[in-house]
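Both of the next two complexes hold chain A, though its partner changes from chain B to chain C.
== the complex of A and B ==
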């Protein structure tokens, strides 16, 4: 266990060394939030609520989804693909730790770093620029914290899955890009799932994507109340367990098939 | 003439290398299509809940997005030099470029071309035709030339802004994140500018004129007379911003000292 915690710490310190990159990161997130803020204001003009969400809730939804993204987002899929391409993965595999576990911990180190250096200052800045609504109910914050941890788990599992596929295809650039757009669209980052036509919502119930962004953001904006919060968290929990199965199977098969190119 | 023939030679060479890895190419096309679909789906879903967005209808919004894709694709194919700093300045590759017999900017454009982006332009045209038919837009014979003019104008606006930013590397070789930031700013140009507040609208028109890539030129084809003035400024803005960029580039190249060995 110690070595995994050490890995989180090292990744955190590594990111800290390059923290100036993150000042512009904050600006990029603010620019994106701004674009959607104006779009949504125009969409809401004259309407007090759409799908049960007020404009204030929507603005908060947009801001929180982006800030939460800073935490759960990581590039471990690309890192795995790179390590396979460069043959480094051979060395990684003889080291005395679980390769996938270590990658997840590195992702977590990055996430924790961005939480403190991107999300927190970002939230403060956006709160000045746009009319955001923060809940005064501590339990909302508690549920939200739980929910974004599960977001991180599910997003990392999907990243690991996509990364491990590289063991079979060797070049995986297309799949990784496609995965990113699917997640942008169906995780609820750019549109709350409740805005989609009902048939699409029905289909999305069978996929894990909304567990990444939609559920935590709905909890934070208090658009989910009572039972809906519990259902949302359960949905996340169930998916984070289910995704372990394909991950294990694929990983077992991948280790057998490993071809090291150079390295 | 020499420039034209070398351009086509590079283009042929590029196609040969790309066609070596056909599956990669197909996958790239598909992921590009998905990228364009994300924004289209956003518009479609949003208009499930509203009929007008600041006076713009669903099909008008789709038309603007379709138009935007065409100059953007051309820009992506020929002027995508976002990694100029790392590739040419930090690694000292610029030394090699300067020894070539064509203008250094032209040489870099040749080396960095990504013709597969052009597929995005085709998607854009299909989207425009779909929206145009639904809106029953009138189309005159000369509109084709206006279209080409506006598309080139929009492309030059993009090229001008991004080349100007790339020239910063000549003065300061520190890595900067201005380029990715600008990509995000340029997204603002996809939507009608009148939804933004006055400061942002002013910036999008005169400082970082991304509005000339999407909404202003589209307004001409949509018959929005109040925007005609801006629409016809598109080629003017494109040429002026591009000229500024080339001027800055030439200034910058003179300052270039070379890095590495």
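== the complex of A and C ==
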């Protein structure tokens, strides 16, 4: 376990190695949340609630979605793809650790760093500018924390899956781009799932995407109450277990197929 | 466990895709692709004893790196048996890699953006090296390789020679009994090369570390290895002592003449036709090199000097590099 914790620390150091990135990161979060705030206030103009959500809930939803995204989002798919493309994966395989496990830990290090050092300052700054509503109920915070951990797990599993596919295709820039777009769209980051037409909502029940952003944000804005919270968390938990299966199978096949490029 | 490495009929095949030419060809490639099976390593067998230092040499693309990758568990062999440190590298990867150290000359295993000591610290955790062992072993390594002042610098700011010494130290953090070095001296200056060679010799003596080394620099082999394994097109063409290689191939002298005027191969050949002399064009203008059996050296020189105007003569031992070049050009069968 030691080595995995050490890896998180290393990731912190790496993120801190480039300070300009750090400051622009905070700025980007404020801009994103601000842009969505103005967009939604235009849509809401005059109406007190759409689909059962008030403007205040919606702004909070947007702010929280972005904050949660800072935590669950990572680039390990791209990193795996790059390591395979450049043949660096050879070096990873001579280390006594699980490659996918270590990648996940790097993602976690990155996520924790972004959550506390990028998005938290970002949200605090935006909280002064726009009306955000934070729950005072401790149990909501608790559910939310649990929920974004599961978001991280599911999103990382999808990233690992997409990354491992590179072992077979050796270049899958297109797939990674498509995956990123699909997750942003169907996870409820851009638009809450309850705003989609009902047939689309029905279809999305069979995909893991809403477990990534929609569920934790709905929990945080207290749009989910009682049983809905439990259902949401269960939905996340089930998916994070199911996704382990294709991941294991693909990884096993990938190791056999590995071609180290160059040298 | 007497053998560090045992390899039996090891083979690795790759599919190599070829693209068709032109636009139509590119469209056809979308549906079906032509490929050939290429055998990078072709049924090789050898063993390496513990504590041995073995040079693994061959031209580019001969299959050296592929073998190393199979021995370290990175690539799965197409067929054949590999037992390294008593384990199957692919089946027991995590336990196995604890017992080896690897340096890839062309690939960094340190983390690019962070200080060297942070990489060391992570590796120390990864290999579960105790503080005591680390202090005892690494202090010495750091001192010998003279990398103390580099430890707090990020890897991206190091020169190649500095980085290479750090890479070597990183591969030795867990003091492995077996060390794979894939072109460790590539692109380094003479002083760094010397330091690295000296260091390798020292750890071999001190810890009986087995070392398998691939290199293009024959001087590395001469300095370190008693035994060489030579690879060509995926097959082993020579496996034995460097000494024997020299005796079989390196007898005789090399006499280099620099002529004042242009001379042809034919003329020289006629001149020494009754002696066993091979002529080869030298690198400078009008210079020719004769490969002469020891007994004929004076004979050849006197004939050439009597006939031509000579600017310079050099007599050398045949270098290992020369021997290896001859083997590649003529095949291992002598004559």
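Note that in this section the second predicted complex is superposed on the first by the 260 of 263 C-alpha atoms of A that agree within 3 Å, B and C clash if a C-alpha of one lies under 4 Å from a C-alpha of the other, contacts with A are read in each partner's own complex, and residues count from 1 in each chain.
Throughout what follows, contacts are C-beta pairs under 8 Å (C-beta built on N, C-alpha and C of every residue); 3 or more make two chains touch, one makes a residue touch a chain.
In this text, all values refer to a predicted model and were calculated from it rather than measured experimentally.
Chemist: Tell me which of chain B and chain C touches more residues of chain A.
Modeler: So, of the two partners, B touches more residues of chain A.
Chemist: Which of the two partners, first being chain B and second being chain C, lies in contact with A:171: first, second, both, or neither?
Modeler: A:171 contacts chain B only, not chain C.
Chemist: Tell me which partner A:90 touches in the superposition: chain B (first), chain C (second), both or neither.
Modeler: It touches chain C, and chain B stays clear.
Chemist: Touching A:131 in the superposition: chain B (first), chain C (second), both, neither?
Modeler: Neither: A:131 stays clear of chain B and chain C.
Chemist: Going by the contact rule set out at the top, does A:246 touch chain B (first), chain C (second), both, or neither?
Modeler: The answer is neither, since A:246 touches no partner chain.
Chemist: Name the contact category of A:255: first (chain B only), second (chain C only), both, or neither.
Modeler: In the superposed model, A:255 contacts chain C only, not chain B.
Chemist: Figure out whether A:195 sits in contact with chain B (first) or chain C (second), or with both, or with neither.
Modeler: first
Chemist: Determine, under the contact definition given at the top, whether A:101 touches first (chain B), second (chain C), both, or neither.
Modeler: After superposing on A, A:101 lies clear of both chain B and chain C.
Chemist: State the interface residues of chain B toward chain A in the complex, per the touch definition above.
Modeler: Touching chain A from chain B are residues 24, 27-28, 30-31, 34-35, 37-38, 41-42, 45-46, 48-50, 53-54, 175-178, 180-181, 184-185, 187-188, 191, 195-197, 200.
Chemist: What residues on chain A touch chain C, complex-wise?
Modeler: Going by the criterion above, the answer is residues 2-3, 6-7, 10, 13-14, 17-18, 87-88, 90-91, 93-98, 255-256, 258-260, 262-263.
Chemist: Using the touch definition from the top, list the residues of chain A that touch chain B in their complex.
Modeler: Touching chain B: residues 21, 24-25, 27-28, 31-32, 34-35, 38-39, 41-43, 45, 47, 50-51, 171, 173-175, 177-178, 181-182, 184-185, 190-191, 195-197 of chain A.
Chemist: Which residues of chain C touch chain A in their complex?
Modeler: 14, 65, 69, 72-76, 93-95, 97-98, 100, 102, 104, 106-109, 111, 113-114, 118, 121-122, 125-128, 154, 182
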